[in-house]
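Listed next: structures, encoded as C-alpha cells.
What follows is a pair of complexes built around subunit A, which joins subunit B in one and subunit C in the other.
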Partner chain A sequence: MSDQGMKSRPTYAPLAPDPSGRHHLLVVEAAEVPAEALAEGVVPSAFEVWTVARRSAVPSAPAMEEAPGSVAIFRSVTHLFSALEERLARETMGLRLYAAGAEPFLWDVWGRAEKAGLSRQETAFAEVGPKARRIYCVHCRTVTEGVTTSIFTCPGCGASLFVRDHFSRRLAAFMGVQVDAEVPGEVPEAEELYA
Partner chain B sequence: MTAAQPFNVRVREIVELAPSLKRFSFEPVHGGVFPTPPAGGHVLLTLRDGARVMKNAYSLVSPPSERSRYDIIVRLVAQSRGGSSHLHRKVAPGDVLEMANPVSLFPLISTAKKHLLIGGGIGITPMLSFLPELKARGARFELHQLATLEEVPVFERLLAPYAAGEEIRVHGGGRAAFDLAGLLARQPLGTHVYVCGPHSLMEAVASTAAALGWPKTKVHKESFGGDITGLPFRAVLRKSGIEVEVGESQSLLEAIEAAGVEAPCLCRGGACGQCATPLVEGEAEHRDDFLSAEEKAAGTLIMTCVSRARGPRIVIDL
Partner chain C sequence: MTVQFKPAETFRDTFTYKKSPEDLLRFPFPFPEDSYMYSVNIEPHVRGGPTAAFQAQFDVDEHYIAECKERARILAEDPKRCQVLPHMMTAEWDSLEMIMENLAADYPEHFTLSKDGDAWTWVNRPLGIQQSFIFGKAETLPCGPFEYITRQAQGDFTLQDQREDNLFVDGGMVTSQADWSLEFDIGMSFQEWHGPVPLAHEKGVFDRALKYLLRLQYGQPVRRLNWTMTVNPRLDTSPENYPVWGPDKASVTPENVAEKVHLRVELQTLYRLPRSNAILFGIRCYLTSVADIAKVPKWRRRLHRVLRDLHPDIAAYKGIPRYQQMVVDYLAPLDDGSATSPGIAPDMEKIEA
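Right after this comes the complex of A and B.
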C-alpha cells in the first residue's frame, strides 16, 4: 500500500551523465559529491559540480567556469538556489540537470527545474543522506520528525497514519493520513521503509 | 480510429495566392458555425472525381477562434497525388465537398516556455493556425519560414498580420543560407520546436536538435506526405481475403480504399501512426516519420499512407 504513482514526485537513481545532453550540471546538498550518488564508474568530473559547504569562509560569488570538472562552492542551499535560478534562466537547450541530496532538497531542485522549462528527460535525481521523513498529520496538524516506517501512530491524536508520498513544499513535510478511517482498527503491518 | 463522421461543406471563396498556391474557404452547408478547431488541427477532405475517390488531409490556416469558415491552403504539385490538382483545377465556389472533423496531431505544448516554429514551403500552413493562438496566449515564439525566392513575398504577406514586434523571418536563400544549428543552439531552456515541411527539412531539424542535446519530447514534426510514388506492387490483405494492385502514383492506403476496404488513417502523411498495419510477409520501404529506426528495421509494421513494398508483393494483416 504505497502510492508511488505521484506525478509530481521525482524518481531517484544513482547518477550518470546522459550522453544525449550538451552540458551537465550537478548540484549537491553537501560539500562533496557523495560516492553513493553516482552510478558505477562515473566520476564527479564528468559534471560541472555545485556544492554547499555551509561555511562562511566560502567566497560569496563562486567562480563560474561552467565546464565539466569545475566545482563551485556555495555557503548555503539558499545561496545555491538563487544562483541556480539565475543560471537556468539564461541556459540554452541541451542542459541536463542532476541533483543529489535528501528528498526535500531534490524536490526544491525539481521545482526550480520545472519552472525553467526542464522536463523529466532532462533531469536526474539521486537521493542520499537520511531518508527518515518529517510527517504532517492531516487530521491534527502535529508534525513528527524522523519517521522511518510506512505506518506510525501520530503522537498528537493517536491515529494510525499512513505515510503518503505526497510532499508539501509549503510545510516541508510528507502527509500522514489515517489508515483505518473506513474500518476502525484495521491497521496493516508497518513496514520499515525510510531508514 | 478512423476520422470522425464526415459532414458537408460549401466552397465559399477561392483565392489565388501564387501561381501554385490557392486558399480555399469553406462554410457549413446548412449555415451556422463549425466546431472550434484545435490549433494546428487539420481536416480530411474527400474528393470525388467520377468513380475516383481521394482523401487528403489539409492544415486549417484560419484562426481557431474563427468558426464561420475553415480555410486551407493547397499547393498544386507537378506530380500531384490527384487531390491537390483536383482542388486546383476542378473545384469552384459553391461546390459542396465532404469534410471530416478537424483533429490535431500537432498540438502546441502548453508547458513550453517558448515555441520555435520552422516551416518549409507549404509547411507554413500549420504555423498559420498556431500564430493567432500563440498571440492570444501571449506566448513567446519565433518563426522561421523557408521559401523559394519567388515565394518569399507570398509568405511574407501571409505572415504580415502576425509580424508586428515578433520574431518572424522568411528565408529565401535556401537551406544552406539558413543557420539551423545556430538557431537551435541558442534557444532557451523549455523551448519546443515544431517543424513542418519536406521530409529532408524535418530530418535535419530532428538530427541537429538531437546532436545539440534537445530531448525528443521537445521536437515535433508534421509531415506533408512527401513523395509516395514508386514502383507498382501487389498487396495481399489477409483478413479481407483480397489482393490489391498499388499503382505507381497511388499510395497503399489509396489502393486499399479504392478496393472498398475500410482502413484506419488520420494524417495520411506518415506522422500520426493511425494507419500502422502488421506486415506479415515481404519487405517495406518505410517513408514515414512515425516508426522508430528500430521498428523500421524490425519490419513488422507498415504505414499504409506513405510506405510502399520493396519487392513485387507484400502481405498485410488487414
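Right after this comes the complex of A and C.
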C-alpha cells in the first residue's frame, strides 16, 4: 500500500537551471548541496545557493541581492524561510526558485513562493533525505511531523489515522483518516513505510 | 404544480427526510444502462430532460428549506466548509449573478431579482429574505457574495480558476459532499483533486474532461451525473466528520437495508463565468432510499444489475463493500430479468402514495 497510485502525490526530478530563467536561487535543507539533488553535469555554482547549518554561531549572510554562484548559510530552516519571504517579496520576473530537501520542506518553500506570486512553472523541486511524512489529521486538523508508518495515533484527537497518498501542496502534508471509524477498534497492524 | 416545502425534515440524528411520490419520480437516476464504468458523460445543461430535476438551471425541490437550514447549521459548526481564495472575488460576484438570475427566471413564484444599475434587490420568499445591495460592493452584503448566494441554493458549489492550461479549485461551499475535504483540497489542480479516484486516470477520463472544460463557453453550461451510496439520508458525509457517520455503515442489516441505504446522486453542472473566466461547478446531491428505488420497476432492475456487476475498485472507492451484497440480495428477487429501456427516465407517470 506504499504506492496507492494517487495522482495528487507529487513527483520530483534532479535539478537543472531552467534556460528561460534570468536568475536561479537554490534553497537546500542541509549544510551542503546533495549531489543527488542535481541533474547529471549540473554544478552547484550554476545557482545562488542557500543552505542550513543548524548551528547558531553562523555569521549573517547577505540575502536581499541576486548573487549568482554565491553561497549563503543560514542557522536554521526557519531562519532561511524568514529571509526567503523578504527576498521573494522584492523579486521581479525571471527568478527561478529551486529547492532540495525532504518533502515537507519542499512544499513549505512552495507555499512561500506561491504567496509571492510565483507559478508552478517557475519552481522546481528535488526530494532528498528522509521520507518521513507530515500528516494532516482531516478530523481535528492537527499536523504531525515525521510519520514513518502506514497507521499512527493522532496526538491531537487520539484517532488511529491511516496515511492516504492524497497530498495537499497548500498544507504541505498528506491526509490522515481514521482507520477504524466504521468499526471502532478494528485497527490493522501498522507497517513501517516512510523511513 | 406548486411544490410543498418540508422545512422540518432532518438529515442527521432523527433522519426524518422522506420523498413524496412526486419527488421520487423527479429523481435523476444515474444509470443510463445496466452496467457502470467511469466515462466523460458530459452533455449540455439545457432545461428539460428525462426527469423534472432537469427543468431548471439550479433545481429547487421540496427539500429546499430543510437543506438550506442544514447547510447553515454545518457552517455554524465548521465555517471552513465555505472558503474562497482572495483572488476569486470577481468569480464570487459572477456566481451570485448567475445563481440569482437563474433562480428568479426558473422560479418567479419564489425568487425575484430587481436591478437599478448596480443597486440590486433580492427577494427569496421560501427563506423569508429581502436584501438590497450594491453589485460589486461586498460590504453591502452580510457575508461574501459566493457564501451569500450558495447559502440559498441546494447542493455544493466550487469555483475553478483557469490558468496554466489547468483548473484550480480555488473556492467552494461544501456541506453535502461525498467524502472530500475542501479544507484539504482547496488550491489543487484538476488532476490533484481527482487524485484518489481509481481507474479513471488510466482510462484518460480526467485528461479528456479537463481539455473539454478548458474550452467551456459562457452561456453553454454542461452537466453530468455522478453517484455513490450513503447510509441514512445524511447530507454531510465529509471526511472531517467521518468518525461520526462512519459507524452508520456497519449498522446495515438484511432487515433494514432498503430503508437505510440510499443511492446518492450528484447532478454536476459547470458554468463558465463571464467576468472572471472562472468555472462555477454545482454539485447537487439527491438521496433516494433503496426502498424508494424499488417502487420503480425499471430503476430497481437496473440498480440490481449495476451493483451486482460493479468493478471492485469502484465499489471500494465509493465505500460500499460493507453492505453492497445486502443491497444486491434485496433487489435480486425484484429483478424479473426483463429488458430495460435505454436512458434514465422512470418509464412511469405516477407512484401510488
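Please note the rule applied: the second predicted complex is superposed on the first by the 122 of 195 C-alpha atoms of A that agree within 3 Å, B and C clash if a C-alpha of one lies under 4 Å from a C-alpha of the other, contacts with A are read in each partner's own complex, and residues count from 1 in each chain.
Quick note on the criterion: a contact is a pair of C-beta atoms (placed from the backbone, for glycine too) under 8 Å apart; a residue touches a chain by one contact, two chains touch by 3 or more.
Bear in mind that the values here come from a model prediction, so they are computed numbers and not experimental data.
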item: Subunit B versus subunit C as contact partner of A:181, first or second or both or neither; value: second
item: First, second, both or neither for A:39, with subunit B first and subunit C second; value: neither
item: Contacts of A:117 with subunit B and subunit C, given as first, second, both or neither; value: first
item: Which superposed partner A:21 touches (first subunit B, second subunit C, both, neither); value: first
item: Chain touching more of subunit A, residue-wise (subunit B, subunit C); value: C
item: First, second, both or neither for A:13, with subunit B first and subunit C second; value: neither
item: Where subunit A meets both subunit C and subunit B, residue numbers; value: 119, 121
item: Subunit B to subunit A touching residues, read off their complex; value: 111-114, 184-191, 209-210, 212-218
item: Residues of subunit A touching subunit B in the complex; value: 20-23, 88, 90-96, 116-119, 121-122
item: Of all residues in subunit C, those that touch subunit A in their complex; value: 163-164, 181, 183-188, 191-196, 198, 201, 206, 239-243, 246-247, 249-250, 322
item: Subunit C-facing residues of subunit A, complex; value: 5-9, 119-121, 136, 138-139, 141, 159, 164-171, 175, 177-178, 181-184
